[in-house]
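So that you can tell them apart, the chains are marked A, B, C, D, E and F in the order they are listed, and the count of residues begins at 1 in each.
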Amino acid sequence: MPEQKFPDKLQELKSGAWPSFVKEIENAAQTSPMAKDLYGQLNQSYNEKIGHWKHGGIVGVLGYGGGVIGRYSDLPETWPNVSHFHTMRINQPAAWFYRAEDLRKVCDIWEKRGSGLTNMHGSTGDIILLGTTTPELEPIFNELTAIGFDLGGSGSCMRTPSCCVGPARCEWAMYDTLALTYDLTMTYQDELHRPAFPYKFKFKMAGCPNDCVASIARADMSIIGIWRDEIQIDQDAVREYAERGLNIQSVVVGRCPTRCMAWDSKELFIDNENCSRCMHCINVMHRALRPGNDRGATLLIGSKAPIMEGALLSSVLVPFLEIVPPYDDIKGLVNNIWELWAEEGKNRERVGEFIQRVGLANFLDAIGLEPEPEMIAFPRENPYVFYRTE
Amino acid sequence: MPEQKFPDKLQELKSGAWPSFVKEIENAAQTSPMAKDLYGQLNQSYNEKIGHWKHGGIVGVLGYGGGVIGRYSDLPETWPNVSHFHTMRINQPAAWFYRAEDLRKVCDIWEKRGSGLTNMHGSTGDIILLGTTTPELEPIFNELTAIGFDLGGSGSCMRTPSCCVGPARCEWAMYDTLALTYDLTMTYQDELHRPAFPYKFKFKMAGCPNDCVASIARADMSIIGIWRDEIQIDQDAVREYAERGLNIQSVVVGRCPTRCMAWDSKELFIDNENCSRCMHCINVMHRALRPGNDRGATLLIGSKAPIMEGALLSSVLVPFLEIVPPYDDIKGLVNNIWELWAEEGKNRERVGEFIQRVGLANFLDAIGLEPEPEMIAFPRENPYVFYRTE
Amino acid sequence: MAAEPVKRVTDIGPPHYGKYLPPVVKANYGKWVDHEILEPGVMVHIAESGAKVYTVRAASPRLISVNKIRAYCDLADKYCEGFLRFTSRNNVEFLTAKAENVAPMKKDLEALGHPVGGMANSISNIVHTQGWVHCHSAATDASGIVKSVMDALHEEFTHMRMPGKLRIALACCLNMCGAVHCSDIAILGIHRKPPKVETERLPKICEIPTAVASCPTAAVRPANISGVNTVEVIEESCMYCANCFTVCPAMKLNDAENDGLSIWVGGKVSNARHEPMFSKLAIPYIPNNPPCWPEVVDAVVNIVKIWSKNAQPYERMGEWIERIGWPKFFKMAGIPFSREHIDDFKHAGLTYKRSTHIRF
Amino acid sequence: MAAEPVKRVTDIGPPHYGKYLPPVVKANYGKWVDHEILEPGVMVHIAESGAKVYTVRAASPRLISVNKIRAYCDLADKYCEGFLRFTSRNNVEFLTAKAENVAPMKKDLEALGHPVGGMANSISNIVHTQGWVHCHSAATDASGIVKSVMDALHEEFTHMRMPGKLRIALACCLNMCGAVHCSDIAILGIHRKPPKVETERLPKICEIPTAVASCPTAAVRPANISGVNTVEVIEESCMYCANCFTVCPAMKLNDAENDGLSIWVGGKVSNARHEPMFSKLAIPYIPNNPPCWPEVVDAVVNIVKIWSKNAQPYERMGEWIERIGWPKFFKMAGIPFSREHIDDFKHAGLTYKRSTHIRF
Amino acid sequence: MPKFEWQEVSIDVDEDGFIEDPALWNEQVALALASTEGVDALTEDHWKLINYLREYYAKFGIAPMIRKLCKETGYSLKEIYDLFPSGPAKGACKVAGLAKPTGCV
Amino acid sequence: MPKFEWQEVSIDVDEDGFIEDPALWNEQVALALASTEGVDALTEDHWKLINYLREYYAKFGIAPMIRKLCKETGYSLKEIYDLFPSGPAKGACKVAGLAKPTGCV
């Protein structure tokens, strides 16, 4: 490690049972001067309790408006090798599946031209290549495309879509999350690479209401698998669960949010009309219960982090939609939404905030959807109605 | 009935099983020309689908700033006897108990000097004497005080407090609602009669969480009886309910909002620590269950109708308080609140709106209460904290 | 006019309730241990001492003449040692220690035209307001609608066959005097046209800053119109709440053609089971149709019916709807869902459906 | 620098996932019928065809070197026909059709220093962000706290003895990259001092209207200061969100003394049982104490403990607290309740306790 | 519109006796209006209140809130009722020729 | 602070090559900055964009949103990238001497 005027505090994070990011930086530092200076600067931060990066940079590759986060040290003299330390966001393959062969190629490029440090993965889903310099950006880009990888999104664009493992390894995928993710990503390459929206727009695809990709909390459009018909019950298997000691009454029936189940120690009854498809009973007794066969997804819109009107969860936009290629209905809707929001949205106004500003009913009107009661938790409580009279 | 140029539509409301207010007007009209013209004007409204009263008047009795709602017809030529038609609000006795003897005296005064029509009672709780003229106000007032009645509130004052029947006829009264109502009314006669607040301020006293006087929905201060210790269970009586056919599991246990009860067909179990004192189980099995003995009230603040920031429910201000004369703790708190709100409140800003504007934490600070977790449904979800550093 | 009484007194306050309590109540004040509802409108309360008080509750139109009050007083004299009370929902109650008084008193009340009932799981009186009888602000009448609705529902007052209590309220304008905002079913008078500003008269009789401040949606703004400092209304921003009219007579909204009613459901006040809830919009608009408002009556009766048929015991309207979900409620009630149902005021975002908990 | 590749291509998008699916996955894609969690970090999925795929999940610090990725790749070659995947919480997963590969693979992973676990009712990886490693906005580090907390909690990763899943997230500033706003436990970096405005430099490098518009509480306003058109901050209105800094480098908030962390609890994302919920403030402030943030670790471990001891099966943090009530949570956790807990932003009124449903 | 006549004063007032056109107010009118409010003579105290009300109204376009009135004039609420028996709103504002207070009843 | 020199131009720029003091911008500077963005010569089309950006900024104190830029100048997003290969924010704004776009990355 570099000579420092600060005690090596990071050292303390090398032991312990959890794998150590410090060891990873050290490991990269064996060959990368960048990683070495990152260690130094980070250690200085640990001593001073303050970060040492300057406010954002704006760098990139030709023809793209995003995909690179510019970053400069505010101590370039002390840590010259991280005076530039840009990250590149690389669009991950759907559901984060890799072939070792290809992943190694990415490593080689990054070892050669970057810090050798990565995040597998960023919160949006991209591969994050942590730290390189401005002159390396174009070469890296070109070498990456040569092995079949492309940049992800940053800036006011469609961000890199991502999805849960879905049909690749999950019995509950109500639609093909990987296929839809890939298709949307390819359809909207221009919107991904050339920011032209009021702010970012994220898609996240989850195969069922368990939402293993946290789409309802952090996607401007959350597409979550669901079914409409009845839960399939295998009563023998239910009894088996009971025999093997599962307290069905308290653990399953007792936690059903709509209280729509009953269990008489022999037969499990579900009042499917009142079931809200929460997945709980299926999660617990997966051998006995399966979602119905009339499958599709609910489209929800607008979730985001707090800044600036407070965090939002996505809310129902289309209660049910069959999800079948070429996904024209989804794309038609997305185009209408983008058209409206791009035209009327304010700078840095996410679509969820936009809807709150203009009102959901007006938003629906403008994108050509009919109001449906599934879109709301409950009707208005205040009598401040903008009635329309002739 | 008077000759009219409009068909007598009111006539249709004289039949039917429900007692008819039209018959009441007719009845009064036999002796009161005012009631007669009220019939006429109201019938005209029924024909034209529009009211015929001018915007509020400002009339009263000497030394009082409220208690009378001025009202003038906008058709004084057509209906001269209601050209003045002021209502007087008479402070009802607590819990609306009367002695016939005294009530008849009120009737006599009103027959002589008013329309002979009343509301028993107004929504705030007053006796409403419907319709008289300006010159009659002083005489009526003097005759009323002579028989022991006084005006109630109107305008930006403390409004006439009211309460549920409480200990007078209810086994669930956790404190003496009538005594507190009377005491507050008497203590604050000046605040009741001489408006000097930013807006109205209502008290409603309910003996238990059933809230039979709807205080949580329509009182700036709602004082609702509650207990702190355990629900008293008579297990024999519980079993009797079961024997007589009550489905305790579904009707009682199954509707407990905290799911803190259990019933094994022999014994009823209540996890009192998690019981939220909702009253449901007690309501249904009153012979078997009784509130605990450590009794008092929860003070809640701020409910009101929607105008203008949307309707509010009262929210917890003091989770538990023993209610004992001379109620100095309540009065001390009320004085602090009034002092603050009168000083800082905007014109026509109810105390509930005021709290929302300045923030509950600041409000508590200013009136000298410590924040307690019982005051909130849940802690903040947004990270916009006004931290105080030295 | 009669001579004034000798001494003018003020601030005496109301009569002390102690004077007005029936003897059995006074004797057992605070000592009640149980009660039983014996039949519709009749209950008995039992005191520690074993003493009992029977209560007979009768309907009242609330708007009553002094003669009716006198008739009540006569009954009180006849059966109740001269005492009576009214309830928080404007019914009249007669209390007696004598069980044998109940039946004849009930008969007398019914003969007087006042049904006995409103207790336990029934529909009690409609809490309501002034309407065209007294208020300048009214977008509809109050008493007439109440009469029409209760004529249709009176059997639910005199029976106890509902799943739970059902509280109906009516307010004739958005000021919502009463408890419309927290009722199982609420009937609310509404305007649907912006105020007609009397431009020139306004500054003479109104405080302009007050008028401007009164508007929840900032639709009222100061304006100089042909030299007069007055206000104007941005009509697209107006949602007809009439708060400007409340503070300024020169901004009238009443409109015979466009005024009418809306129906709200699912509110409650008591803490029993579910926390108190606000009422929510069910039917955005029904025209005024006096004298009997048949469309309102039908709407209310319909909602009462589907609730009473489908709710579980002790499930109030709002609790029931919460269980079955709003989409199902709209479907069962045959009410079309429309843009008006979607909140667009301050907290609107919180009313959007933020989960996939959907019932199909 | 190396010569550029012959042809510059753009917009090729990510590799098609089809290329990257392990053979058994490809063969049974969309045909899975069940799964079983066999032991911590190991599960098997069963297809219609009867085919099985075993998954071994290992912890990852997310910030990994290319050498570590190569080590993963070597394992993939050794046991998984050259395929591997990462999870939505940044763990690494190895899939194989061969049951016999599981045990040695697990051993190899543990030897590599990557515990196997994170499945079922356990604590999985902490979703986190950049911190001092890369972000200008960070009020704290990310990786260091994650390491410290998971060092303390690793046994809950490698066991399955929690009442339900427990999701921890960390974000180093209020931008909340990640899912801090909906996590069972969230650790959030915070500032506590208003921005230091570089008055003169600001107009040269910032858009003034954008800076003004960026402030949620309107604390930033345009100002002319000694002839320079710039902005000023009304310090009493500032709640240190740093959104102004996000759009304007001349408004820095970082402050070594006053920056620190806050702890939030009770959020969730899944629709299982309860609808998704936001996290709520538990501990308003803990100072930055690198390298091991012992106070943060203690706070998190404490909350995990009381939850795991008291919650019922499948009761997530927020569901549990909802059942026992917030007052009890604060009491059990030994966290003093303070003014900071009380919301005072837009929807604050809706967080007040609007009922008497109190647990004593 | 009712005409109100008192000595040489003759003005339009509304049903409550409030002046219809505030522009026509003068001290004589004040005296005239006072007579309807049980006030025979306008003392210095009365004028202090009237003037405060008029100045406040001229400046802000609204009547002051009552607490403010008391605070700034130094009269207690009781004293105001002694001066104007029907109170600050109905009594004092009327005599001072202000727009009729509305709303909060 | 890095110095950026090109032909006779010598100005302070930040690490991203954005001008530090917008007051020093002129057409020559534009040309100089353009050279760093893969633009050899500033054609009429380039100037149309640059001028629009500068006018908009002078008027509103902010850069226009990209959709607006396209709409009002008549250039498609693709054309803008053809003119300024690193795009409207990094390329065009830099050459036009605007404050560096921030935030949304």
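Rule of thumb we're sticking to: a contact is a pair of C-beta atoms (placed from the backbone, for glycine too) under 8 Å apart; a residue touches a chain by one contact, two chains touch by 3 or more.
Here the structure is a predicted model, which means the values were calculated and not measured.
The chains in contact with chain B as well as with chain D are A, C. By the document's definition of touch, common neighbours of chain A and chain B comprise C, D.
Chain centres here are C-alpha means, and the one lying farthest from chain D is E.
At the interface between chain C and chain D, over half of the residue numbers appear on both sides, which makes the contact a same-residue one. The interface with the greater number of C-beta contacts, when A-F is set against A-C, is A-C. For this pair, chain C with chain E, the centres built from the Cα atoms lie 37 Å apart.
Per-chain Cα centroids separate chain C from chain D by 49 Å. Note: centroid distance chain B to chain E, computed from Cα atoms, is 33 Å.
Under the contact definition stated at the top, the residues of chain C that touch 2 or more other chains are 174, 176, 181, 210, 214, 216, 241, 246-247, 249, 271, 275-276, 278, 345-347, 350, 354-357.
Shown for chain E are the residues in touch with two or more other chains, namely 18, 62, 100, 102-103. In chain A, the residues touching two or more other chains are 54-56, 62-64, 69, 190, 209, 211, 216, 224, 257, 259, 277-278, 306, 310-311, 313, 347-348, 381-384. Contacts between chains, counted with the stated touch criterion, involve the pairs A-B, A-C, A-D, A-F, B-C, B-D, B-E, C-D, C-E, D-F. Taken in their complex, chain C has these residues touching chain B: 1-2, 4-5, 8-17, 19-22, 25, 29-30, 32-35, 45, 53, 55, 59-70, 72-74, 76-77, 82-88, 90, 92, 95, 113-115, 127, 129, 131-136, 138, 141, 143-144, 146-148, 150-151, 154-155, 174-182, 210, 213-216, 241, 243, 245-247, 249, 252, 254-257, 259, 269-276, 278, 288, 290-292, 312-315, 345-347. Only residues 209, 211, 216, 224, 226, 228-229, 257-259, 273-278, 298, 300, 312-316, 319-320, 352, 355-356, 359-362, 364-365, 371-387, 389 of chain A touch chain C when the two sit together in their complex. Listed in rising order, the residues of chain E touching chain B in the complex are 15-16, 18, 38, 62, 65-67, 70, 77, 81, 85-90, 100-105. Residues 271, 275-276, 346-347, 350, 354-357 of chain C are the ones that touch chain D when the two sit in their complex. Against chain C, in their complex, chain E makes its touches with residues 14, 18, 20-22, 60-63, 99-100, 102-103.
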